[in-house]
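Below, chain A partners chain B and then partners chain C, in two separate complexes.
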Partner chain A sequence: MLSIENLSVAIRRPGREVAALSDVTLAVRPGEVVGLVGESGGGKSMVARAVVGLLPGGSHATGRVVFDDADVLRMDESALSAHRGRGVAICFQNPRGALSPTRTVGRQLVDRLVTHQDMSAERAREAARELFESVGIRSPQRRLDAYPHELSGGMAQRVMISLATGCAPGLLIADEPTTGLDVTLTREILRQFRHAADTDGRAVLLISHDLASIAQVCDRVVVLYAGTVVESGPAAQVLRQPAHPYTRALLRSVPDLGGRPVVATPGAMPLLTRAPLACPFAARCAHADDTCATRRPPTEPLAGGPDGWSLACFHPRTGPLDAGPGDAPPGSGGPVGSVGTVGSAVVAAAAPVSEAADPAPRGAGPAVLEIDDAHVVYRSRFSSGGHHALRGVSLRLAPGETLGVVGESGCGKSTLAKLIMGLVPPTSGTVTVAGHRAAPGRGRPSGRAARRLRTRAQLVFQDPIGSLSPRRTVGDSIAEPLRAAGLPAAERDARVAAVLDRMELDRAILRRYPHELSGGQAQRIGIARALVGEPDLIVFDEPTSALDVTVQAQILDLIADVAADAERAAVFISHDLATVRGFADRVVVLYLGRVVEEGPVDVVFDHPLHPYTRALLASAPRLGGTPPADAAPVELVKDLEEADAATGCPLAARCPFVTDTCRTQPQQLQSHGASQAACWRIPELPALIGKQATTP
Partner chain B sequence: MRILRFVARRLLQLIPVLLGVIVLTFLLVRVLPGDPVRTILGQNATEADAAAARARFGLDQPLWRQFLDYLTGLVTGDFGTSIQSGAPVGAEMALRVGPTLELVVIAVTIALVVATVLGVWSARRAERPADHGIRVLALVGNSVPEFWLGLVLVLVGYSVLGWFPAPNGRVDPDTGLTPLTGADLVDAVLTGNGPAIASAAAYLVLPVLTLVIGVVAPLLRSVRASALEVLHSEPYAAAAAHGLPRRTLLYGYLMRATLVRLPSLAALVFGTAIGSTVLVEYVFSWQGFGQWALRGLLYRDYPVVQASVLVIALCYVLVFLIADVVHAILDPRVRI
Partner chain C sequence: MADLRTSGPTEATDPPGPVAGARDSRFARVLIITGAAILAVIAVAALCAPLLSSWGETEIDPAATLTAPGGGHLLGTDGNGMDIWSRVLYAARLDLGIAVAAVALAVTVGTLLGLVAGYRGGWLDDVLMRVVDIFQAFPTFILALAVAALLGNGTVNLIITIAAVNAPAYARLVRAEVRTLRELPFVDAAVTSGASTTGILWRHLLPNSLTPVRVIAPLNCGWAMLTLAGLSFLGLGVSIPAAEWGAMISLGAADVVGGRWWTSVPPGLALLVCVLGFSLLGEGLQERADAKRR
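So, the complex of A and B:
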């Protein structure tokens, strides 16, 4: 159906030349789902643009993009407009931004149906309703008249899928369809694409940076690096035994639920100005030799591999991913687990820390953070009522301890971070950070006491570049907490230099401005700024979710190192369960402002109790084999936005095991072995889940 | 329903705004140097004559007393008596507001339509000769002073071509038009006076054209800029990538998104246009509101100045209210 042959795209603009794609060859057949994987800058979106004939200005394309026997690159305007939509339809990244804000989503869908399926307006509206229903939009009739800004992220993504399928395309392209969605939703959305391929026989090209999560629904995957195809082959095999060092690096960078250590790959993707003459990955590759640096490896079928598995590497790897330290770059030299070398420091920090923390009896000694039955209500501005963001959260954190906080978006994670930082006052309950107590009050805490409190707790933000002042140099930004504390200049410089060394950054970076930094560098600066004042508590608010996969691994590596400091406590907030497992001692699962489960990280992950935790774990991608027997999967029945926590268990609306007791009785945390969970049916759950599995 | 509530709320807010305007203008015109009584009495008047005249207009009273009288008059719809003409201000103004509003409303409406059509057309041909041509023309029209432009149009349209009537009024007196609202075209239509419709329309062409050329440039630039923004936006690119036909793209995805920002600018332009009418009315002998207000200010005719400022303020507030409502209708994201 789609066959791209030796496609090269060069973008030439005054003063700037970029080889976006070099000799890309790939094919997608009807009914097949192909995953296109790589980090940002790898050329994924450029492939999508080339396929619909929407290359950016100043680009020069060579090669062939053959779709149904016609070359898209040589189509005239009328052929192109027939090709777009009917031939190929894209599901755009960021669906909320890609839907027209001034037209109801129903009309946008009707436009596509009328154009591409020759329907009358009334017939199209009926079909639109059916299409909405088929992509899992509840009360579709009502949603037809909604404007995009009235939709949640997951709903907007479904609408986007319905728009693309409404064009009845031969090929459906999805550009990062699950970015920014929660784990439970991600699975559901990916299933939609598999469905489109299986039932309608469409070809589907799934573009993503996350190989692990899309591999489940793909037939084949194609891995892009710096505009070149480095590996392509059957999804299951590539996922299990990737042969190209980059694919392996990509997979090892993703933290895994099974607790497999993350291996960071040094360096970043090069920005090529012309088609590469050598292997573009050679500079970051542990197996590179002189050949790799002088010749570009040809794309060849993998010897002994199944059909259609090919890669561009002189030194293909074999064997499963967890081959052990043999894969570590020889250059790093240091022993495994050595912190301080970006090389391939294995994040094994969790083990020693938990050993160190376990003997110390919890509850003894002064707690760094103590939250007691805290509620936060955001009052609405004019009317009564408001949004109840946290409903009675109690936490206790000792020095040296690292707490992971996980949950879907809207569960109150960020409010918890703000509460700890004293940026919102508790509506009721108390928060004590390093001995400073914040009690319920009106407005934001301010004044001297609040300022002192803030020097004891520091926050690392989600958006690394956006959280640095664009008009201040990096050095200025890092030294800011010290200046606020009134330290003399000489000592400031020494402390900044020390923290910079710890973040493995060069001194030259001090004079730069945030826009000159890469995402990884900026996040190192963000951590440095938090660390420089030597706070008692550091709160990481989704510190890696805006970063590329291999960079994320490097940052996680650093965070694990920082979190392992004995005198410091850390709170790590993430929607991605696997990142927490790497180095947290304890984990808290939040749902609609309530703690539903809490316990030691390994216990929660291997023996989850609460149905919600089970569902989260079940829907997260897992590379290393099957989940433990105790963690039998639970599927939630509805989306988060339709759930409403009125009385009783907050999960009642979505839980498959709900009874009337759940709907009426509020659930308290109760101890079950090492961890606590707020669900009265926990003892019967294994039996219930078994029954659910046999009678689907 | 929401919009009605919003309008009601905004109309209530009108009261304090107008009250402020009333107080401010009342004080400001009295602070201005110059004595209105002297201007009507002439050179040979004695102090006694002046005192008598002052008493006649109530100007001998203390300031707070004058203000209270003025305010009670306003409540009953009495704007006071013009010092210059001795006629009631309300009646004088009623004759003057109509013609000017007719001029400005027609001109701004035409300017909006022209700006929308040309702006979108120009944006779709961005950086091509047609686009540059339109922008240069708009800029030239915007740079030419209105009174001069009016004179040139009179010269071309009346003296050379002879297509339009001489700039000596608003309607041919021979058509026997019965004035109702003061806006001659509206009156002619209301009375069904055929010849008067033709005459009033013919008289309107040149002054309206002058105003349109004066105000169209900023509107055009704004429409072009927002249309370009929409054309380069993600939603439009997405719709185009789904292969929607040209017409659907233009009317469904470009137009409304482009026009979202226009109402607030249009309201501002409306205000500018009211100001511009002073000169345009002068050139075309348009016996309108601008002329009348200007003369009142020159002769320190307190009641006239107060009334005209009040009416202009009311116009502004109402026009901005309309603009906000239109904006809310165009942009579903706006909450009112």
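So, the complex of A and C:
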């Protein structure tokens, strides 16, 4: 169907030359889902653009992109137009941005069908309705008349898929289709692509930075690094026992639900100005020798591997990934794990966590953070009512403790962070941070004393670059808390220098501006700013979700180090359960503004109680390992956006085990062993889930 | 009419094509340099007026009234026997000075109002913006008349008048900018770092909200100059015998009818070139900002 042979793309612009792709070869057959993975800058999107004939200006392509016996690189405008309309369709990362905002989605789909499929308008509308149904849109008739802004992210991505499949293209390309979506939705959307391949025999090219999440639906995966294919092969095997050191590093950078240690690989992907003459990964690779630095490894089939598994490496690894740092064959340059040990790299895994758990027993001593039955309602300015973001949350955090907060978007995670930081006042209930109490009715505290007190808690933001003032230097930003505290300049400089060292940053960075920083650097600056005032509590609000995988591992390293400070408490907020497992002592699961489950991290992950926690754990990607027996998967029956706020259990509308009691009576947190959960049916759940599994 | 919009673009999935960012920024540079050069020449000429002409600003040559260009008077003389060339040069001092001072005042006042209104919001925002509305509701010349009647004629009052006309636009611009900026994480970061409200306004919101102001202000200098000339033409601005382009045009208007074009055309051309300089500079800055945004 699609066959790319030795594709190289060079982009030449005045003063800038980039070898975006070098000798990329890959194929996608009908009915097959191929995953294209790698970090940003690796050339993934460039491959997609080459296939649809949309290379950016100034680019020079060599090689062949053969689709149905025609070379896309040599098509003229009219052939390209037909190719894009009927041959290939592409789904973009930001579906709402790719939909025209002033026209209903139904209209956009119908127009496309009329143009490319020569349908009549009535026929097209009928077909549009069927398409919406096939991608899992409920009440399609109503959705056809919706404008893009009325759709949620997941719904908009479904519309994009229906737009892409509508003209029956042979090849479907999805460029990061699930970035920014929640885990339960991600799985649902990825399934749509698998479905398209299985039922309609389409070829699907799935592009993602996240190998772990897409591998489940892919037949084969192709790993790109700096514009070269480093490894390709059957998805299951590559995921379990990757042979190329980069693929291994990539997978080891991803926190795993099973508690496997995260190993950070130092450095970042190079931006090549010309096709590489040596192995592009050599500089970051622990196994690299002189050959790697002087010759480019040819792409060869893996000796003894299954059919179609090939890689470009002089020193392929073998064995499963989970074996830990000692997995590499002896005498071959040391284990992959040693790469990361530069600067305390091995993140506290399951075992160290249980050692470190509760250094100060809970309930003893003064709490750093105490939230008592806090509600937050965002009132709208012009009407009564408003958005009830938090509905009675109570938390207590002792010094030295690290609390993980997980939940999907809209569950109130960010509101909780703002509440702790005093950026929003509680509508009712109280929040006490380091002895400073915030109660309803007061806005942002003012006055010098109140301001200084509030700096006892610090926030690390999700958007690392956006959280730095664009026209202030990095040095200025880091020193801000110290300046606010009235420290003299000399002492400020000394403390900034100290914290820079801890973040492994060079002094020269102090004079730079935020737009000159990479995401990883900016987040190190963000952590440095949070740390410089020696706060009692640091709140991390999704600190790594905007970063590339290997950079994410480096930042998680630093955060684990910071969170381990004995005198400091930390709250780590994430939609990604696996990240939290790395270094939290306790974990709280939020759902629609309520705590549905709370307990020691290992207990919650290995023996989840609440159906929602079970569903979350079931949706999260796992590398190789099988979920624990207790965590039998729970499938929620609807998407989050369709669930309406109920008077009873917040999950009632989506829970497969719902009863009338659930719908009408809210349940409080009840202790079940080491953890607590708010669900009426916990005692019966294991039996119920077993029944669900046997009757599909 | 309805059949004009039967079919619209359907290629919703196409990303924006290649953009000629490099070309645009080169174009912007040409505009900026040309505009700045024009203004620099005028400013230097204004400062060096005594060196460039042998007649003073209000010096009367009793032997020559309404003489044609050439001879002892490069651009001729007006009805009072004053040298047009030297008056055009001297007038640049007043025109440039008043325009720039008025815009500077407008930027300062407007930015402060916009900052406070945008950051505080609530009733203060409502009150400030309604005051701004009132100022914007008056036609320029009616407002100028009112101010002149209230404060009397004079250079300082002219500056205040023109600033009052222009400040509301800056207040709105900065307010809109601040309302967007204050929702961004870096403002929250400053708040949680313990920065005071004035610190946040001064150190974070002000520098970040000035980008559009920098683009608008040069353009605005051109408009201010036209306003000034218009006021003077109507007799509301600078009073004779002080040299000012608008006043000169007004004074010479009667003579132009009689075929003595040199009384009004030179100051008019000077005004045109000067406004053109500001426009080019402003356009260039606008282009550069746009090119950066892509």
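Basically, the second predicted complex is superposed on the first by the 654 of 696 C-alpha atoms of A that agree within 3 Å, B and C clash if a C-alpha of one lies under 4 Å from a C-alpha of the other, contacts with A are read in each partner's own complex, and residues count from 1 in each chain.
Everything below uses one rule, namely that a residue touches a chain if its C-beta (ideal position, glycine included) is under 8 Å from a C-beta of that chain, and two chains touch if they have at least 3 such contacts.
Everything numeric here is computed off the predicted structure, so don't read it as measured data.
Engineer: Quick check for you: in the superposed arrangement, does A:Thr228 touch first (chain B), second (chain C), both or neither?
Structural biologist: In the superposed model, A:Thr228 contacts neither chain B nor chain C.
Engineer: Could you look at A:Thr613 and tell me whether it touches chain B, chain C, both or neither (first, second, both, neither)?
Structural biologist: Neither partner.
Engineer: Tell me which touches more residues of chain A here: chain C or chain B.
Structural biologist: The partner making contact with more of chain A's residues is C.
Engineer: Go through the superposed model and pick first if A:Thr115 touches only chain B, second if only chain C, both, or neither.
Structural biologist: both
Engineer: Per the contact definition in the header, classify A:Tyr147: touching chain B only (first), chain C only (second), both, or neither.
Structural biologist: In the superposed model, A:Tyr147 contacts chain B only, not chain C.
Engineer: Let me test your reading of the model: by the given contact rule, A:Thr455 touches which partner, first (chain B), second (chain C), both or neither?
Structural biologist: second
Engineer: Once the shared chain is lined up, is A:Arg86 touching chain B (first), chain C (second), both, or neither of them?
Structural biologist: Only chain B is touched by A:Arg86; chain C is not.
Engineer: If you stack the two complexes on chain A, which partner ends up touching A:Leu54: first (chain B), second (chain C), both, or neither?
Structural biologist: In the superposed model, A:Leu54 contacts both chain B and chain C.
Engineer: Just to be sure I read the superposition right, which of the two partners does A:Asn94 touch: chain B = first, chain C = second, or both, or neither?
Structural biologist: Only chain B; A:Asn94 stays clear of chain C.
Engineer: In the overlay, answer first, second, both or neither for which of chain B and chain C A:Ala484 touches.
Structural biologist: second
Engineer: Where on chain A do the contacts with chain B and the contacts with chain C coincide?
Structural biologist: Residues common to the chain A contacts of chain C and of chain B are 54, 89-90, 92, 98-100, 103, 108, 111-112, 115, 163-164, listed in rising order.
Engineer: Over in the complex, which chain B residues touch chain A? Could you list them?
Structural biologist: 234-245, 248, 252-253, 256-257, 260, 330-333
Engineer: In the complex, go through chain A and note every residue touching chain C.
Structural biologist: For chain A paired with chain C, touching residues are 13-14, 54, 56-58, 89-92, 98-100, 103, 108, 111-112, 115, 160, 163-164, 418, 421-423, 444, 446, 448, 451-452, 454-455, 457-459, 461-463, 466-472, 477, 480-481, 483-485, 526, 529, 533.
Engineer: In their complex, what parts of chain C are in touch with chain A?
Structural biologist: For this pair, the touching residues of chain C are 7-10, 12-15, 17-20, 22, 184-186, 188-197, 199, 203-204, 207-208.
Engineer: Can you check the complex and tell me which residues of chain A touch chain B?
Structural biologist: 52, 54, 81-86, 89-90, 92, 94, 97-103, 107-108, 111-112, 115-116, 147, 149, 163-164, 167
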